[in-house]
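Input: structures, listed below.
First chain A sits with chain B, and in the next complex the same chain sits with chain C.
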Partner chain A sequence: MNDQEYLCLLGPTGAGKTTALRVIAGLTAPDEGTVHFDQRDVTSVEPEHRNAVLLSQTYSLFPTMTVAENIMFGPDIRNVSDRDKEQMLVSLLDLVRLTGRAGSYPRELSGGMQQRCALVRAIATSPDVLLLDEPLRALDARLRIDLRRELKSLAKTLGLTVVHVTHDQDEALVMADRIAIIRDGRIVQVGTPSQVFNEPASPFVANFVGQSNFFTGTVVSSGPDGSEVEDDTGHRMKSRPTDVPVGEKAVLAVKVGHTRLLKLEAAKLQGRIERMLFEGRVVHVDVDVDGVGRFSAKIPASHGGRYQVGNEIGVGWNRNKAKLFPYPEGGLENELRVD
Partner chain B sequence: MPLVEMKGVSKRFGKVVASSGIDLRIEDGEYVTILGPSGCGKTTLIRMIAGILEPSEGKVLIGGRDMDGVPIEERDIGYVFQNIALFPHLNMLENVSYGPIVKDVSEEERVSVPRRYLELVNLLDRMSMFPSALSGGEQQKVALARALASGARLLLLDEPLSALDARVRMDLRYELRRITKDLGLTVLHVTHDQEEAMTVSDRIVLMRNGRIMESGSPEQMYRAPKELFTANFIGETNLLDGVVVVSGDDRTLVEVRDGSVVEAQPSGFEPGDAVVLSVRPERVHALNEGLKAVVRSMSFMGTYIRVTAEADSEDILEFDIPVPRGGDFNVGDNIHLGWSMGSALVYQRPPGGIAEAVKLE
Partner chain C sequence: MGSGDRLLEFISRRGFRKGWTVFNIAFFLLFIILPTVFILSYAVTDWSKIQNYVLNDPATMDLIIGAVVVSFEIAAIVTVIDFIAGLPVAWMMARKEFRGKQFLDTLIDMPLAVPTAALGFSAAIFWAATPNPPPFSLAVISSPMLLIILLHVVFSYPYMVRSLTAILGGIDETYETAGRTLGASRLTAVRTITLPLFRAGLVTGAILCFARSLSETGGTIIALATLYGRKMVEGDFQTGPTLIGLWKDASVSDPSLLPALAFVSILLIVLALVLLLVLKVVIMKVRLPLRKVWPTPEKLLSRGLFPKFKDSSAVLFLAAIVLVPSFFIFTYVFTGTPAQADWGLFIDALVTSFAVASVVTVVDLVTGIPLALYIVKNRSGRLAQLLDVLVNVPLIVPTAALGFSLGLFWSTLDSGAAVPILLIILAHIAFTYPLVVRNVVGAVEGVDPAFEETARTLGARPLQSFRRVLLPMIKGSILAGAIMAFTRSLGETGATLAVVANANTAPVYIVNLVNSQSYYLAAMACIILIIISYMFMLLLRRFTREEVV
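Then we have the complex of A and B:
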């Protein structure tokens, strides 16, 4: 990780995200390997000497202390002069919009306010690294959307280096400079949001970060312009160029958001609209393609009126939006499991 | 038959009013979500229907029958909780069998009914496993199968997906709707998640401070919300302060804070009225002319890019551009923003200010 970087550690429950965070903080010792801060090996350094602060999922504010007392509790701050403390408190409270609440107790605050209070308490100790474990999980969905932006801009304004653990791929896409995707204790891909979205390293990543449709078959042609896969019912679909050799079993992944509804005549995959669900800015459409399976697409809500459940329709994609992977060893279903 | 009615229902806990003047009617076979922020009274409402709480005032009717004094076990209701509540010492089949056994059905049905519902949630192959061996999403599906196996025609779901991972939640939303629609059940689903509500519901009932704010189909609530709070809570929106200049049958012209005049839907307001405009980010476009603004940040959202700009009117405006056009914009660029007349809705400016009117907590 680079200085002042905002990194999201993204993965399903049980993937090992919190363990990774605790290893960085020094709360869990690694069995193997080392942890470095600014090229200094800190693997055997006690947590309190690492200057990394971990904010756990439960905010753990001191219930008998006011907001102001909670924030100024940090060990580094207690040695600061009273006047500096006062100034620091004013600016920190202002930063997270809790100025009117300095004298309140945690139980008098809403979930969002408690979260912000815990956050500035962590920031007040000027940590080199801020470790956030699902910092928005306990909040209402709509509030979470607003706080994503606030938290990110706060981190950028203060020039913090942040590791943020989350199971929420939308949260990671919006907030991260880079995303590390973790599964079964391993990092499977690290990249910018657009890299992990557009250049997934595996079918799992393709489906976990933005849903994907899958088409399984055998590679029948491969060249610099792209490849073609054919399934056992004779459908032939195109993808970007691939390393998977001709004759091998492969799975093609294309994002639901990149899947298009086409005129029946123009499409190789033809099916029937099973379901349409209004989702606000888009309408989610499921198309059942005979003998192949279900393909989902998101169409702009303004186009929703053009289609109806039961319509015969084609499905397709721009070949550059489709990526081909070797067929996963344990089977596709197992590869795509999200919990 | 399981038509649910609440007539003038209120619930007080000491001085705290959790529900106030609730009038609600749910038709047979309807999938209704009760949506609202934490503490809005949505869980209290569903608990009164279940019979876990008694109303302080008003009536709850199920199938036309007054439920006053009718205990929960006689209300013929399936209930799924936020915290997965399976019996840890029973396997999946036994967990799902619990309802039918209590109901004293025939020997044959005791086996066939639970199997049928486990199959419905695609977990028949896990029937001899114990809860600890299953993932959270699987456990919640078993809890659903158990609620369904009781044969109830009315299903109450209290934040059924909140404890699960975001990605699991997304898949289960579709499952929930498919299963309950296939069975023709009446569903009341409580949630704080507006995306979830939009995906699963026939109708959304939005609550705030113990009252029903507004109710309608997901499309109505998104496209033509009656209240400013609804516009902001269901989907994101841009809100701009303004004053009506011209109010016609075909459009409203509104002057925003930098003196520019923008178009909005016809509204019935009078010139001089203080209003708030609401425009969804996907309806705002960068144009050759329009509101002057400066690009402040850009954020990759997968299939589109969300651009945040600060207008000369000091309003923050967000809008979406296709990913391939991302290179056309840079932070600091001066741009012009606009929208089609029909994309902007007009609301009376709330006396306490916009922030107070749309506050989420």
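Then we have the complex of A and C:
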């Protein structure tokens, strides 16, 4: 990873995200492999000598210390002179708007304040890399969204190198310079948010980052304009060009957001609206296509009145939005599993 | 780089940390576990002696079997009484808010503050039918067995109530609420939903009470001596520990008693370990017929007078059976006939007791805390799990047997180990050490390891993160453990007598006074000991309170 980069480790619960952070911090020894900081192998270096600061999910603000004592914990240990500490404290408190709360104890702070306090405590030691373990998880939904922006801009202003672990794909997409998708202890794709979203490396990534609809079949034609897949029931659907050879079993993935509801006669896939969920700005529509499966789409809330549960309707997509993958070895269901 | 930094650098090295851990584990195994169970090896090495002097001697055999059986009978009866009388009180403490709750809370712990020697004397003069009972005493009990049961209930009762309260407080009340919204009466909900959930607390409480009753010596000797109005002899009513005390005393002049002593100790240790294991399995595994429901009678019992009757009789029990006998001794100040005495001896004994308790507590802390940390931080490791179990052994083994085993161990190693005070200290470390370890393990387990880990990533050495982050968070429990160890050492009689027959500690001094019928002096000594212990108890409560806040 690069200096001053903001990297998000994104993956489902139990994928090994936190373990990866702990290995970087030196709190867990890797079963195999090594950890390098710059060119230096730090695999057997104690955590206190790595200068990689971990901010845990619960912040771990020391309850027996005040905000100021918490923030100055690192500099204290490093025997920084009192005058330098004084100055540092003032500017750090100012940075996260905690100036009036220096003498408070962590339990007297709100969730957002605790989060900011833990963040400056980590910054106070000027870490080579800042490790954030789901730093926004314990906050209210609204606050969480505000803090995304704040955290990112703080990291950029201070030129920090950050590894941020999250299971929330929206958070990762908004905050990261690059995203690493991790699953079952393996990184399956690394790329910018738009690469990961638009060019997923596997059906799993396609579904995990922005939900996808899938269409399984056999590749019947393939060319520079695109490919075509046919399933057992004779439906033929198109996608972008692929290198999956003709005759192979394949999975076509298209993001829910790129799936359209069409007039019945204009569509190759025809079905019945099974369910409509009002989500605020959009309405989520599930369409059951006979013999093929369920397809989901999002329509603007203002169009919600045009449809009703039980309506016969067509489903389709722009071929450039659909990506074709070789059929996964363990089956599609297994590939998409997130637990 | 200052010398302080260099020292920090040195002790932060992995090698040093590993060595320090190994040292503490070795200390625990060699100085605590091994001496505690050393006596078991006597059965292998000196079996022929046991055969000659014990097994082939029906009189001795009868004596031993009788005493051991009595000990177990008493412990079992006491545990059952504690449970029945303690459950309603634990329930009130855990679930109800009422005026005077704080007061009741303090009252329950009171008997813990009184050294058992003092407690034994106090309870005995209250209950025992002696020729010249002191004024206001009941003086109705002439059966030694009944007297000892009443006495043991007094000092084991707080353990049961505390264990049950702790676990009841931890059970989510919503289960019960759910049961009641589904139509169960209060009693039915409690009996079928809550009670099955607190088996773990029952196991802890039962084991503590059982072990405490099984190993009590000083109070028992004093109570019996008071009842008989003289020093106990072999033909008297005996429990296992009093028999050890008696024979240890006599073995100074008659070494042929050694095999019998060893045999009784082995029997007590083995049976205690086996029985407690069985107790644990029985309480945890046996399916009690708790499922069946009798809606009508249970509904009737849930309302009206019955719950009030249950609560008030439980509190009455606490007052009449536990508290009044504990503090009856204070009446002596007003009613006793003052006697002339050489207080110098008592002061000496008191100083000895304090010195022993202080050294013991310091050693417990220095070696016990690292072991506790090791146990918590390596929870998944085999060794840590084994140590976690082993730590309980000295708690369960009767202290008289433990003391005898320990004395034998050290004198076997070095026949010149005639430094009695050192032996007493080692014996006291053995049974107080678990108190410190248990307390610290409990506290550290409650602390999220993320605190220390975060401190490490912020640049703190292991020692720094312990001292600056973890220690302030568990300070209260460490102090609680230390004070428990201190008061326990201060009040211990059985182990002291078993390791050195003519030891001079305060509780032993009191035993001797009662044996020579110097009741007034004994009472005064008890009162002084009670007051000192009580002050420590107050400290303990203050520190444990702080942690809760």
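Keep in mind that, in the parts below, the second predicted complex is superposed on the first by the 333 of 339 C-alpha atoms of A that agree within 3 Å, B and C clash if a C-alpha of one lies under 4 Å from a C-alpha of the other, contacts with A are read in each partner's own complex, and residues count from 1 in each chain.
The rule is short, and it goes like this: contacts are C-beta pairs under 8 Å (C-beta built on N, C-alpha and C of every residue); 3 or more make two chains touch, one makes a residue touch a chain.
This is a predicted model, so every value here is computed, not measured.
Of the two partner chains placed by the overlay, only chain B lies in contact with A:167; chain C stays clear of it. By the touch criterion defined above, A:257 reaches chain B but does not reach chain C. Touch criterion met: A:110 reaches chain B, while chain C stays clear of it. When the two structures are aligned on the shared chain, A:266 is found in touch with neither chain B nor chain C. Judged by the number of chain A residues each one touches, B leads among chain B and chain C.
Of the two partner chains placed around the shared chain by superposition, chain B is the only one that A:197 touches, whereas chain C remains out of contact.
Of the two partner chains, chain C is the only one touched by A:52; chain B is not. Overlap of the chain B and chain C interfaces on chain A: none, as no residue is touched by both.
Taken in their complex, chain C has these residues touching chain A: 14, 448, 450-451, 453-461, 464, 468-469, 472-473.
Against chain A, the residues of chain B that register as touching in their complex are 37-39, 135-138, 164-168, 170-171, 174, 177-178, 192-196, 198-199, 217-219, 222-223, 233-236, 280-282, 297, 299-303, 306, 308, 320, 323, 360-361. Residues 22, 25-27, 46-48, 50-58, 60, 62-64, 73-74, 77-78, 121-122, 125, 131 of chain A are the ones that touch chain C when the two sit in their complex.
Listed in rising order, the residues of chain A touching chain B in the complex are 12-13, 110-113, 140-143, 145-146, 149, 153, 167-171, 173-174, 192-194, 197, 208-211, 255, 257-258, 275, 277-281, 284, 286, 298, 300-301, 338-339.
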